[in-house]
Each structure stands twice: as structure tokens, then as C-alpha cells.
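The two complexes that follow have chain A in common; it is paired with chain B in the first and with chain C in the second.
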Partner chain A sequence: MTFELPLLVLLVMTAAGAILVKDLISAVFILGSYSFALALVWALLGAVDVAFVEAVVGAGLATVFFLLTLFRTEEKDTQIRRPPMPWAAFVGLPLLALLLLYGAGDLPAFGDPTSPASVHISPTYLENSVAQTRTPNVVTAVLMDYRSFDTFIETIVIFTGGIACALILRRGRS
Partner chain B sequence: MSAFFTFLLTTLALLMLVNLYRVVRGPTAFDRMLGLNGISTKAIILLVVIGSGLGQVDMFVDISTGYALLNLVGALAIAKFLEERGATR
Partner chain C sequence: MVELLQTLWQRPNFVVFVILFLWGFYIMAAHPNFVKKLIGLYIVQTSAIFFLVAFSAKDGAAVPIIISEGVVDAAAYANPLPHVLTVTAIVVQVATLGVSLALVSSIYRKYRSLDEDEVMEQLE
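Take a look at the complex of A and B:
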């Protein structure tokens, strides 16, 4: 489809721009637009929940958090002095890209109904989730019901991280 | 998706590329901020268009609303930052 091409160009350009730009504030801005392009890719693939998280957390919250961190820095710290790229990177990274492309050739096609991911347990969820969990959204049913302990412990991890950050920042203030 | 939607999506993505040029090249931080705001306004519309093309507008309207709200917070943070630091770069 022709629409995917400018979107991929957008994605690659923003990713490269965020790496190559000279100061951190511009890198934060460009990273915001990068994660927005990524959210559009998820939305186009039909992964609406992932797109939602990417748009809200990646493009919205992460930008604010990066800027809050930059508030605490000096003017000279936000300039990036980059050493020149070593020649090993010029040789090694294209080889790594070739290896990844070679590996990607083995993946099943997008939306292939006979791929292992589609035949293993997804049909069970799709057929039974409404009857078993009374939730119209399958993704929510999997996250909150079938894998509820997983989600619960993830929440504990993030909550602990939040408390630790709050304690560290609080100690710095007093 | 019909040809009309494809045309609409392609046009909007190309417009985002124009804004992206200003974000990447822009000499001052103000240029980058304005370019980012232009990208996000187009992206909100783009999300709704994708949703109506896929036939599930309700979820995509939720996404675009959430993004628009957080984009406002982000723009405020950027503006506050530029107010303290100045936009000389």
C-alpha cells in the first residue's frame, strides 16, 4: 500500500534525526515525533491498544519526563559532543542488518492464519473470552483475566519503581 | 480501505514529512516546537481517518483524544522549558 511508504520514511527519518541532532532538547522533540510515527504504524497494523500506549506514553509522557530531567541540567550539559564513528561500526552494523534481514525472511507473513502465533492459543481466547470473562475486548480479557497475575505483578514492579524515584527525588530536595 | 482513504492518508503523511523537515533542520528550538505541534495536529486527524478506514472509529477517537490531551501537556512543558532556558539555539 502506498500509504505505508511515507510512514516508514517518517519513522526512519525521525529515528536518525534523534540520534544525529546536536543538542538534547531537539533530540527529545524528534523522539516525540518518532514515537508518534510508531503509534501510527501500530494503528495501521490494527494493534489499537499498543498504539494507544505508544501515543500516550511514548509521545506524551516520555517527552514531559525528558524535559523535566533537562530542567535540572545546565546549559552546557545539553550539548552533545560526539566522537567520530569507529570504522568497526561501518563494517559491523551493515553486516548485522543483513543478518537481521536474513532472519526476517523466515518469519511468517503478516496476518498468516497458519503461523504458530495464530494457531497456538489465540483461537481459544478468541472463541471463549466473551463467554468466560464477559469482556467484549479480547486484549483486555487476556491482560486482565487470563494473565491477571502477570499484570498484577507488573503493576507492583512499576509501583515500586515509582516509589523509589519519588523517594530519591524527595531526598534531593530537602 | 478504498482509494479515497489511501489518498487521504498519503497526503496527510506527506504533510507530516514537510513538518518533520522543520523539526529536524529547524535552527531554533521554537521552530522545532512549532513543527512538532504541526505533526501532532495532523497525526490526530490521521488516527481518526485510519479508524474510519478500518471501521472502528470509536477506539481511534479514544486514542486521538488521549494523544491530544497529552500533547497539550507536552506543549506546555516545552513552553515552560523555553521560558526558563531561552530559545537562543
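Take a look at the complex of A and C:
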């Protein structure tokens, strides 16, 4: 718990940097560091698999995608202006934030082992996965065994994304 | 009011989620630059995933990798289900980000600008 607050502050600061910096390439690199801070927070929460995926796919691949887009642009396009904030946002965003924070009282306490999310199906997975699937890592067992169709269809989503990229970026006859 | 502040102090993750979600959402909707919009989109997506993963934490719980033999105490390991769903979500998020960046790239190729207002001027 001691490391949690500094990491959360780091998270908000890197996100603020990525949003506020006027140079787009710097903003993309700060977004990469935001992903790494997020991976650290997740590792601290016990979600090591999610942290791995975020560090590799989020910080690595997403940064590469952004940079590939920006390397084709000229310098005048990556130096941007900061638009003035409309008054509706001044009123609306704090109001929305207050509403969301007001709802926080109904959420289960942080780290509560009897929260609704933790007593439904996940104890079944934890208790039976070694006997049923012979896999010590429960996340792998659920991803590749109990919910393998979910993962299978997800690869179709990735495939569709790749095809869409290839079709959009195709050069030649128009 | 004091009660609300106390509940929020016990849930710093939720406060961070609200800040990241609303700020990213505002940038996504209001910023004229396409790449900044996508940075906002990325922050919104990761904040939602962050919210889900925060639910999986249990006090004093270990990483959900079972090395001991015999009966397993479910309260001793973090909830694996949000981890599984969010691993899938992160990969899909980056795939959609790739498609939207490809769209931005093809817009730039045609209009030589990353700014929404400049593109709209050329369209009129």
C-alpha cells in the first residue's frame, strides 16, 4: 500500500503530460511512459499478466504505431496549438466528476475479498484449475481453456484490424 | 461531505479513474488535433481497464499462480477473471488504435494536415 499513492500520482502526471505537451512526438513518448506507470500499478495490484501485456502491447506497439504515423508528417503539423476550454466543459466536467465520485460510496471497498466480483465464478476457477487443466497460472488456464472460444474470436478481431489497416493504407490505383 | 471524502480516501484508484476518464474523454471530444484525440481515446480505454483491474485486488493476496498442492484458498489469490478479460481488451484496444491511426494517416496523405479545422476548411 505504501507504493500505491506515489505510483498513482505518477500515473496522473504522465497522463497530464501526454495531454498538455504541445509537441506531438514528445506527447507520444510521454504516453509510452504512462503505459509503463500503468503496468507498474497493475503489477502492484497482483495482475502480472495484464502488466506484461500493457508493457509490451500498450507501451511498445502503440508507441510504434503513433510514431509510424507521425514520421510521415511535416514538422509544422506536429507543433500544435492548445485550444481554449469552452465554458460548457468548465461546468459539465466537474459536475460529471462529482456525480461519479458520489457513486463511489456504493462500490465495494478496495481490496475486499468478499466483493461481488470476487465471490461469483472466480473462486471456482481458482480452486479447480490445477486439477482440471494442469496449469499453475490461473489466468492462462481461463484464457486458453475455460474461455478459449473467447480468445479464438479475439484473434479474428485482430485479423480484421490488420486487414482494415492494409486496405486503408494501400497505395496504387485509386 | 466528510463521509464522501473518507470513502474517496479509501478508494484512490477510483479517484484516479475518474480524473483519467473525464480528462481523456474531454480531449477526445474537444481537441482539434487528430493525434491528440487518439491520445485521449487511449487514456479513456486504459482508465476503464484500470478500473476493472482494481476490482480484482484483494488485501494480502498473491498473484494468481498456484504453486502449492492440495486445496486452494480462493481468498489468498487475486481474482483472475478481470485479468483475463482485460488482457483481451488491451490487445483489441491496440488493434482499434492501429486502424484509427491508419485512417489519420490516410487523411494526412490527402489533406496534408492533422488539424480537424484545417481539414474542414478544405472540405467546404
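Keep in mind that, in the parts below, the second predicted complex is superposed on the first by the 166 of 174 C-alpha atoms of A that agree within 3 Å, B and C clash if a C-alpha of one lies under 4 Å from a C-alpha of the other, contacts with A are read in each partner's own complex, and residues count from 1 in each chain.
The definition used in the following text is that contacts are C-beta pairs under 8 Å (C-beta built on N, C-alpha and C of every residue); 3 or more make two chains touch, one makes a residue touch a chain.
None of the values given here were measured: they were computed from a predicted structure.
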After superposition on the shared chain, which partner residues are touched by A:Val91: those of chain B (first), chain C (second), both, or neither?
neither
Quick one: classify A:Leu40 as touching chain B (first), chain C (second), both or neither.
first
Once the shared chain is lined up, is A:Pro6 touching chain B (first), chain C (second), both, or neither of them?
first
Give the label of whichever partner, chain B or chain C, reaches more residues of chain A.
C
After lining up the shared chain so the two structures overlap, which partner does A:Leu70 touch, if you call chain B first and chain C second: first, second, both or neither?
both
Which superposed partner A:Ala59 touches (first chain B, second chain C, both, neither):
first
Does the superposition put A:Pro136 against chain B (first), chain C (second), both, or neither?
second
Is A:Phe29 contacted by the first partner chain B, the second partner chain C, both or neither?
first
Which partner does A:Ile156 contact after superposing on A: first (chain B), second (chain C), both, neither?
neither
Chain B and chain C contact sites that coincide on chain A, given as residue numbers
46, 48, 61, 68, 70
Chain A-touching residues of chain C, taken from the complex the two chains share
3-4, 7-8, 10-16, 18-24, 26-27, 30-33, 35-36, 38-40, 42-43, 46, 49-50, 53-59, 61-67, 71-72, 74-75, 77-84, 86-88, 90-99, 101-106, 108-109, 112-115
Listed in rising order, chain A residues that touch chain C in their complex are 4-5, 8, 11-12, 15-16, 18-19, 24, 27-28, 31, 34-35, 38, 41-42, 45-50, 53-54, 57-58, 61-62, 65-66, 68-70, 72-74, 77-78, 80, 83, 85-86, 89, 93, 96-97, 100-102, 104-105, 107-113, 115, 117-118, 121-123, 125-127, 129-130, 136-139, 142-143, 147, 150-151, 154, 157-158, 161-162, 164-165, 168-169
Footprint of chain B on chain A - complex, ascending:
1-3, 6-7, 9-10, 13-14, 17, 21, 23, 25-26, 29-30, 32-33, 36-37, 39-40, 43-44, 46, 48, 51-52, 55-56, 59-61, 63-64, 67-68, 70-71, 75
Contacting residues of chain B [partner chain A, same complex]
1, 6, 9-10, 13-14, 16-17, 20, 23-24, 26, 29, 32-33, 35-36, 39-40, 43, 46-47, 50-51, 54, 56, 59-60, 62-63, 66-67, 69-71, 73-74, 77-78, 81, 84-85, 89
